[in-house]
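Labels run A, B, C, D and E following the written order; every chain starts at residue 1.
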């Protein structure tokens, strides 16, 4: 049993300083892959370090496997961890760095060697086994740190941005491998990342932190579709969700973004007022003839980015820069005027004051189409 | 993945001519930094050394001036002299007694002082305190501690029913007694240095290994000691050299006796130079001592520094 | 005062003697307004001599230099000094007012080289209370080796935890025990009639001393404090030792500190050999060469002052060194003091009883300091139970070698 | 568990501290004893009278020599830190031909016993006309292999990225040295400073040789003057002198330690 | 003038070790934004360090501003650099760290303060000005390193994965800012990244390195569309390009992937042989009725990843895992059988032996459509 429970956990460094983590309450189940995301400096690493026992818990209770663990020593917790700054032993070579923990745990030499080779194979480290950390590139160091955690096969594993210095290809590969290993050993994984793809694809659940407070916890796709507030909405999804203020008239059932742009939508629960609306870049469509749901509007492009498979272009809505993401490569130039189509069903609506979600987009999946392609 | 897009002609590598002045720039800069040291060393270390080497080939008169050139006679005589060989032996024994013990004990103290406890600052200061006491004052104090009848040491051992020991006058014990004093004297400094080294070790290494479940001694063996190795190497080298050159304690505690068991080389040199005013002989002794230290230190650098891990 | 002649005086006096010295110098400086003496401490005798060897004859040399007895030969030969005899003759100074036995030491070839200053002799101090306990007469201390041995035995038996006798590893005592038998330390009449070429302390007389000590060692009555005089003193004061050889200069401290009555005795002699007396120890004052006549005269004026009965009386009382001017004994301060502690007199008597022979005038050799280092090893050998004659012979050989080498080196 | 561990740690700490500090306590206690008490082997003085201290002060111009010692030690410390850190810098941060050799040459100077060079050096100083000048007491100790070695060991632990970043920022060697290396190495500098101060403070033979005059003499010489050669030593007074002379050094040690701790905190590389 | 030319530059660490960089030949123009990508350990950092003068050049010539600069000291080169591991001064606080270089350059205090505040504003560092580096989170440290380079306004700037520890939102913001600053000052920027979006959008040109050798240099979009070899093809674009061997029959003008899957395509220049074909995940389409170009095939899904805006799913083609990327959220399950559509026009073809591109996809932009949306 290796569930990790945080009950009202808070953290401050020194008495006079502000809370880094404030009343954090979450229950990470045994064998769960739990992803933590949040802006830089929001307390992710601090949280991991508290779970690992490297930082004392200022307030609240930490339970591991159901037992109060606030005062357990790190080694009692049987955890492995990938540090954000790697924390490799500079005096040991790659091989020794990786098996360091195994020696401590008195794993037999054969087993040690086996795990070492497996991990190095997976991480393309085999050629560097005899190097010292200072003779490695940034990504290689990170991989050593990762290997160290992988070979330990501890029931709980904490990873702090473990793939940040790897290239996309290797990263994609590692995503799969980490997930596989985690499943294989039933590891409880707590995983900090800044990468949208990792956040969306790896975790069973995801937690969004901001300034030491939980913003939302849930399945990644649910969070994507139903962001609890504007912070989550703009933080999850890349490019970020477009937002602006809009006036909803309950009578005419119209969302008025500006005098030219009005969308008709039925929001029975909402009263007439100003809201914040959000629209994801991929929901800004290419106008399709004869689609009654679409509202077509002309915008002037002021910036274009070709990503290869997608094209991002931005334009102004009210005082906000909106970004649209279209498939394929569109050779627009700044200054081009184009027509885009919006669909009221795809809007998220947030309260203007509390910034909480009051209505989320209703079009997420391609149910009908899906039927078409499924054999 | 052969044949990358670079197919351009190899450009004519017209290395502009660099003058000797430019090529040795780094050396010049280094020299600037080293200049104050070099000048002072030349005047106060190398010049006396050369003078010493020069004198070692002469007999000197009572004013210490060279008079008769005797070639290697001074050296030959030294190697034939039982006294000198005894002092070499005593020196090595003394090193054996003091250096490892000082390093190990101060490492132990530093580790203790590295614990995060309330009031640890106080203990750190105490541990370093012997550094604040001069050799002379310390030796005098120890002289009383070693006093065969009233000394604390004998009082304590007599509590255990052990016979009183004539620490400083018994040839079996004198060198040990002097070593004990020396270790105490060294502790403050070695402690301070090792403690500083300990505190400089990146904390995240301990964090990482404690997560791996490494216990205290495992960390000590596999992280602390290797990471501390530059410091340990330093303190070992310095202690070694200092041990070779111990003088004050001997002078005050035993005067080289009993039976020359504590007549360390530097003390012998001092006697030859200051009391006997036999500079030729003293110089030859210095040269031999110098070479001995040189060899030992070279061995240190050659074999031990390999094991030292620098960042 | 700028127009006073400044006389620099290098000395090695520390502790109580330093205070006494400073007082004399101050008195002198205040007694007149032409000369100003500036005393400068230069460390131990060895340290001071090492320095003087370097500066002797240069501008940095002091006007007056205090050298230890055994450094005298070097000073004479250094060529950096003016024999005081020269000034004495010029000024018709009455040399006879100085203690003869002390003068003798510093006189070579009929010429007095330096002005004696601080002089001491060895004595035996004993625990009179312990004597009583052991059934010995505290007023009749032992004189000969066998008496000492006997007394040591009795003291050891009668007093728990006490050893009868202690002999410090300080070769000066050996030299004295040799002189008391009339034994010469080196040839050429103790180096006084020519350059010594051989050590003679390994004679029968030298062996007597060692044998005697060895016997007591075998008796288990001999304590060994190595080279630490302080440990020995404290052993005596804590009644771990009944008798020991000491410098007369430290008698006063012992009288003051001992919780028992301290007796003073002559140093021992072999039973069958007549007592010749003791050699003077301590140091004397030397005049630097190369200073102006005016300074030389001023320096000598100060020396004269130092040798005056009054100065010497003060000096004697405060330090335990003997007055070099017997006139001092008539000073009331001394008379008063002797009444209080008559033991002082024993030392003075021993000194005055000395017959002037080459043996008691003391060895005159440049290598005396070195010979002490060598002898110290022989004494160590003694304590370690090595063959006595062999130890002495080895020491003598070493001294001979050193002499030979020195003679070779100094030929040019 | 924790409490037991902590408790036993304290016991060990206290025992060791007592053991290590005993000679110093003992010296302190002796400083209140009469000679008699000392020679009788007492551990605790009968009374804590200050007579020995008064005697020590009366016998000698201790105050003046303390000031001299202080000045000489401070000047030497500063000089040594400057000269040695410059040299150590060159050995660590400038890659030049013959670096190894030169460094070893430096270290080798440690092997020459000072006692052996003291006479030639005295002659040199004499020729330079430095007798009785602070120059003679300080300048010869500005360059020490020991200090260079100590600092070199520490400089070697400075991550090379810092050097690189500074070079990129356009720092020359001198400014990198002053603005990065020195502040980052505060702890070692303090360590060396303490050591240098104390050894200078405690040195005796050299100051004795190169000074003749009380005006330029240091406290250790004064101390020695309490210690007569042919008489029974007045241990109480000597120890009082020792204590007086040791108080400034212990103070330096104590304050230096505090600084050291602080330096370790914010100088911590990484 | 701040162009950077590398002529046949090579690098090895120590004599016995292999070349880290081998005969690198590239000319980076003054004011150009030059992006370097490549797998971890390929020599990117080493290359930057050589340009910066931190690592000596084993062979070849480096020219800066037209002059031979091999032996210039780093400061002579007037370069700023963001180190992969930050290299912050531990004894200085954030403010001092940032203005450190400006002081050296004797910039006036007012100017210094101005640049400092601008940079901190941009990087959200204003609250941390008085902190020491060890009191900062990983991302905050990286931002300080970035600020340091930004304020220096050197004509040449080297950045080594400067955004790797930042969250997506901040990263998007920083991308724009870095680009803006670079334009504003006409900086010659050499930028190492592992991020596909950065690589595609920031650079004027991009260089792909592998094992110290140049694979391709060019405009990002050109490289995306015409990858010089299979390495580049699989390295650029995420998820990576799907590849497998296929037989091209010149007579029937058919590409045979396996016996069930054949695409008809005209490749006049190619002779009948086995090739490696590549197809980007976004070119695997939802079958559209009545599209003659499409070849429809049924596949069994074995893995699905919901990214929120896109869905990735993989299936087996021959012995290769192929990944498709479809817009929107598709709630497939592993094991589902679906129909997908391939378009022969979108295939890249590589020589089987040399692995060089022999034919690239002809369908990249949406010309026709574009006309429709442009106003």
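Here is the rule we go by: a residue touches a chain if its C-beta (ideal position, glycine included) is under 8 Å from a C-beta of that chain, and two chains touch if they have at least 3 such contacts.
For reference, the UniProt names are A, E = ABC transporter ATP-binding protein; B, D = Carbohydrate ABC transporter permease.
Quantities reported herein were computed from a predicted structural model and do not represent experimental measurements.
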| item | value |
| --- | --- |
| Reference chain E; chain at largest CA-centroid distance | C |
| A-B against C-D, pair bridged by the larger set of C-beta contacts | C-D |
| Mean-CA-position distance for chain C and chain B (Å) | 39 |
| Separation of mean Cα positions, chain C and chain A [Å, integer] | 93 |
| Interchain centroid distance [CA atoms averaged], chain A/chain E, Å | 21 |
| Inter-chain centre distance, chain D versus chain E - centres from mean C-alpha coordinates, in Å | 58 |
| For chain C, residues that touch 2 or more chains besides their own | 47, 50, 54, 230, 234, 238 |
| Two or more partner chains touched - positions in chain E | 85 |
| Chain B: positions in contact with at least two other chains | 64, 144, 147, 149-150, 202, 204, 273-274, 311 |
| Parts of chain C lying in touch with chain D, wherever the complex brings them together | 8, 10, 12-19, 40-45, 47, 50-51, 54-55, 58, 60, 62, 118, 120, 229-230, 233-234, 237-238, 247, 249-250, 253-254, 256-259, 281-282, 319-320 |
| Touching residues on chain D, where the partner in the complex is chain C | 34-36, 38-41, 59, 119, 122-123, 126, 131, 205, 208-209, 212-214, 221, 224-235, 237 |
| Complex contacts: residues of chain B adjacent to chain A | 202, 204-205, 207-215, 218, 222-223, 226-227, 229, 309, 311 |
| Chain E residues within the chain A interface of the complex | 13, 37-41, 44-46, 84-85, 135-140, 142-143, 160-161, 164-172, 194-197, 200-201, 220-221, 224-225, 234-240, 280-282, 286-287, 298, 305-310, 312, 325, 327-332, 336-340, 364-367, 369-370, 372-375 |
| Complex contact set, residues of chain B against chain C | 59-64, 67-68, 83, 143-144, 147-150, 166, 168-169, 171, 174, 253-260, 271, 273-278, 280 |
